[in-house]
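We just call them A, B, C and D in the order they show up, numbering each chain from 1.
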Amino acid sequence: MTTVSLQSLNAADKAVFITALGDTYEHAPWVAEAVVGRRPFATLATLHEAMMAAVRAAPTDQRLALINGHPDLAGKAARAGTMTSDSKAEQASAGLDRLSEAEFKEFHRLNNAYRTKFRFPFIVCVRRHSKDSILRHFEHRLQNSMAAETKAALGEIFRIAALRLDQKVDASDKLKVHGRLSTHVLDTHAGHPAAGVTIELLELAAHGEPRLIASVTTNLDGRSDQPLIGGRPIPIGRYELRFHVGDYFTRRGAPQSDPPFLNVVPIQFAVAEPEGHYHVPLLVTPWSYSTYRGS
Amino acid sequence: MTTVSLQSLNAADKAVFITALGDTYEHAPWVAEAVVGRRPFATLATLHEAMMAAVRAAPTDQRLALINGHPDLAGKAARAGTMTSDSKAEQASAGLDRLSEAEFKEFHRLNNAYRTKFRFPFIVCVRRHSKDSILRHFEHRLQNSMAAETKAALGEIFRIAALRLDQKVDASDKLKVHGRLSTHVLDTHAGHPAAGVTIELLELAAHGEPRLIASVTTNLDGRSDQPLIGGRPIPIGRYELRFHVGDYFTRRGAPQSDPPFLNVVPIQFAVAEPEGHYHVPLLVTPWSYSTYRGS
Amino acid sequence: MTTVSLQSLNAADKAVFITALGDTYEHAPWVAEAVVGRRPFATLATLHEAMMAAVRAAPTDQRLALINGHPDLAGKAARAGTMTSDSKAEQASAGLDRLSEAEFKEFHRLNNAYRTKFRFPFIVCVRRHSKDSILRHFEHRLQNSMAAETKAALGEIFRIAALRLDQKVDASDKLKVHGRLSTHVLDTHAGHPAAGVTIELLELAAHGEPRLIASVTTNLDGRSDQPLIGGRPIPIGRYELRFHVGDYFTRRGAPQSDPPFLNVVPIQFAVAEPEGHYHVPLLVTPWSYSTYRGS
Amino acid sequence: MTTVSLQSLNAADKAVFITALGDTYEHAPWVAEAVVGRRPFATLATLHEAMMAAVRAAPTDQRLALINGHPDLAGKAARAGTMTSDSKAEQASAGLDRLSEAEFKEFHRLNNAYRTKFRFPFIVCVRRHSKDSILRHFEHRLQNSMAAETKAALGEIFRIAALRLDQKVDASDKLKVHGRLSTHVLDTHAGHPAAGVTIELLELAAHGEPRLIASVTTNLDGRSDQPLIGGRPIPIGRYELRFHVGDYFTRRGAPQSDPPFLNVVPIQFAVAEPEGHYHVPLLVTPWSYSTYRGS
């Protein structure tokens, strides 16, 4: 995705600004128009605040139209390929573009029940969720009152907008939309970081196979050069880290049983705060290990 | 299986003794006959020693016949249902009675290669192995010299005999043929044993699904009332313990994230010594855990 | 101390029974007299219950006389050597026979304040306490009302009586007056129990030097043959276990730095339940360790 | 200490350069003179290399004079106050200015034995050692041959020079003379860093009281704002970290026994590599903890 600097947006023609940010709110370029006159924006945060304020200040009908402008999750628009490119990429990020027939039916059922109750589409910032988490969230929000749900929908729209701004605009500040998932491996048998350990990160699903998210090898400091997930929200969901310690200890010549007591160490954990820092390390000998949520 | 006491065997008619123990060595009641005159046996160990001595003292041809009396692993006899009942139960214990077509072909290939090289069937004490371990062992022993392999086959026959004696004869002593696999769960968040935790033990396979071996719930001492595996060898192989700690902490009202950071904790490990004691505990809080090979 | 069996007490002359148990309550043989007619006692617990019931049923004046029959803690009777032998041994167990001048003055001050307020001596079952714990308890109980304190004093008298019965009388049952403190050392570098590790147990004091309670060497199972404290209450207080792991790893030839990263590992902890089971193990490599309250 | 930039030293008059660096080698301004003509030095490392090369290239007599120019450790010069200010500060850093009478005698004995054998003073880079470590090192080097010891003395002189350059000269590069000792505290009961924990670092001594080196309180990240030791070598020796976790858990309202099972957690460890990174964290609940050498 090409990005644009906040500085240049501050200096640009009004039309250029509106074109650049018109997609921030789904089918609602009027939000960008509403704030173009308030330039310059010192930070991305103040730009985001101004756009949210514009939405909050709009007439009720216009806000409702904004909500109604969103496509169903895993709905007909997705199947028909008529979504905005932002929505398309977002839904794909949570795997909504590769549902099983059973999952598609479940989304269909929930979409219908939701529309029947609230008369607008269910909106959630899908980049912050796994498929399982979206379904759980969906069931939960179906229980809301109309007032609570209108507020919830708007909250999700603001989260979506924040992520779109984060991806489009370069500025000196960052919106608080990034989480970080990292690990490290400490060889407490030798008393130093474990280098050269292969680690896989998988996203788990209540139904269906785990999905490989990342595969890294630890450096001399026992860490991956980059976080396993960074620069984006960590989708709420369950994960498994797989540490290939048997191979590591074999290469290092550490005494092990045959077959080795530990080979691939799986650690399963859930992420509940997409913008949080999750550090999930492994302290390991050929006969023992421990892990914890660090930060 | 009905058992008989060593005391009554010592006092019985010769024919009764030979009938009772004639199956200890496959198709070789002559081993029991060879020792019946050396009664009384003070211990099961001295009976076992005497029978092994009789085998070792037998003419080479007779020993070779003993070896040849064994069925192929997962071979035609198994398919045709013509094995001794002992062999049938033993092969079933390692899952050789429910192989996939691919696995059956692999055994067929190994059996042929082995018979071609050694001109007798491959013998292994299958109760000490998982399917994966048998295959690994098979490949390894194919590399042996004839002398080494004849010795290895006899060693396995003695192990099989020891287990058959252990199952048939009650005595004041026990042959060293039993391993023990146990666990316990300590709640280091509350500082006491974790009661009511569901734990599953699965046997893992290189190919195919994990197989559930045991499912227990911890008692007030954080342990299972019985060992997960006891009174028999622990088959060499890979295992997974699954500790349902999320449910436990929820019941106990311990603060957790939503979804809980830890839910089902999987611990994978290998057993290398079938007669060893493996204690694989879990020390756990809602945010951390550790495990180790204890004893 | 010579012990007597419950069976023989049940069968003995009344006078013998009363002589044997007359010291159970300080200067109050009337308690033993009150229950002699209720023999036989099936268990030690029912004997203890009967004696407590006799005290509770006695006239108020007699109960107050019982309370007043106790010596001050670390008081003039102790200095003058005029206490009963039971009281003498009990006070010595908590180190009250070797106070510094400052501590003696502190006890004197507390004894005076207590007698001024309650007009009877402060009674506590000293075998359940360290010196620090007695002083803390003393300060705390000084805040009580007369009613609460009379009840507290009686409760302590019953605890003292239970311990005296436990030491004097052999029976098939045990009163719940015994705690247990144990440890074990697991070498998670090698994956087996650590044998031959020297461990010292010290009682810590807010003022003054630590006092050595026990020194043991681990057996092949990584444990001490006997609990570090057993067969008696564990005095409420702070303790330190000192594990000499540097020597152990050196003997075992495990690679260590020079000087070794870990040498003597100190673990400090407090006991709050004198009748509880405290298991305080060490899981250790040359570069890491962990401990926890087990049971 | 005032520092001077490498840049200005490169540009300065020869005399200024020699004055500034004349003390780098004890009583040997000739080393600075020998390299002044080789300016400019691009890095501090090349300056240090050049000075070492000048020493190595000097006639044997001059090198021996350099060695002989050093004062005894804890010797008469120290008592008489006639050492160079560098030597004085260095010896004080290891506590050689506050020896007990017994320690002073021990140094006296070793100095005499050493001078008798080698006919020059014992030289060691004391900033890399604790008092215990110097004594151990001293005994060890007394066993050396003359050739080995002359080489050892020169090696120590180079280490001393490196540290003096590191303290005097600002440059874009750093000599590898700095170690780092750090810690952090993770509350695995709550699943987040433990903020506000008081931690003391003490240097332990075989004889005599521990010496407080640093006292810090953990920040929101569970760490100290600065390393406990940084910007200098960590003296080889034994240390104790004392973590005041009882107070922390009390403030946080975590359930604990009375008295709390854990109060002050002591962790004792040794440093063997003065230029290494030692990270010694604590993972702790009210009932358990673990530590390890991290990096």
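General remarks:
By our rule, contacts are C-beta pairs under 8 Å (C-beta built on N, C-alpha and C of every residue); 3 or more make two chains touch, one makes a residue touch a chain.
Since the model is a prediction, treat every value here as computed from it, not as a measurement.
With centres defined by CA atoms alone, the chain at the far end from chain D is B. Of the two interfaces, A-B and A-C, the higher number of touching C-beta pairs belongs to A-B. Per-chain CA centroids place chain A at a distance of 47 Å from chain B. Computed centre separation for the pair chain A/chain C is 58 angstrom, with centres defined by C-alpha atoms.
Shown for chain D are the residues that touch two or more other chains, namely 188, 191, 257, 261, 283, 287-288, 290, 292-293.
Residues 186, 188, 191-193, 221-222, 283, 290, 292-295 of chain C touch chain B in their complex. Interface of chain C with chain D (complex): residues 133, 236-238, 257-266, 268-270, 272-273, 283, 287-293.
If you check the complex, the residues on chain D that touch chain B are 188-191, 255, 257, 261, 283, 285-288, 290.
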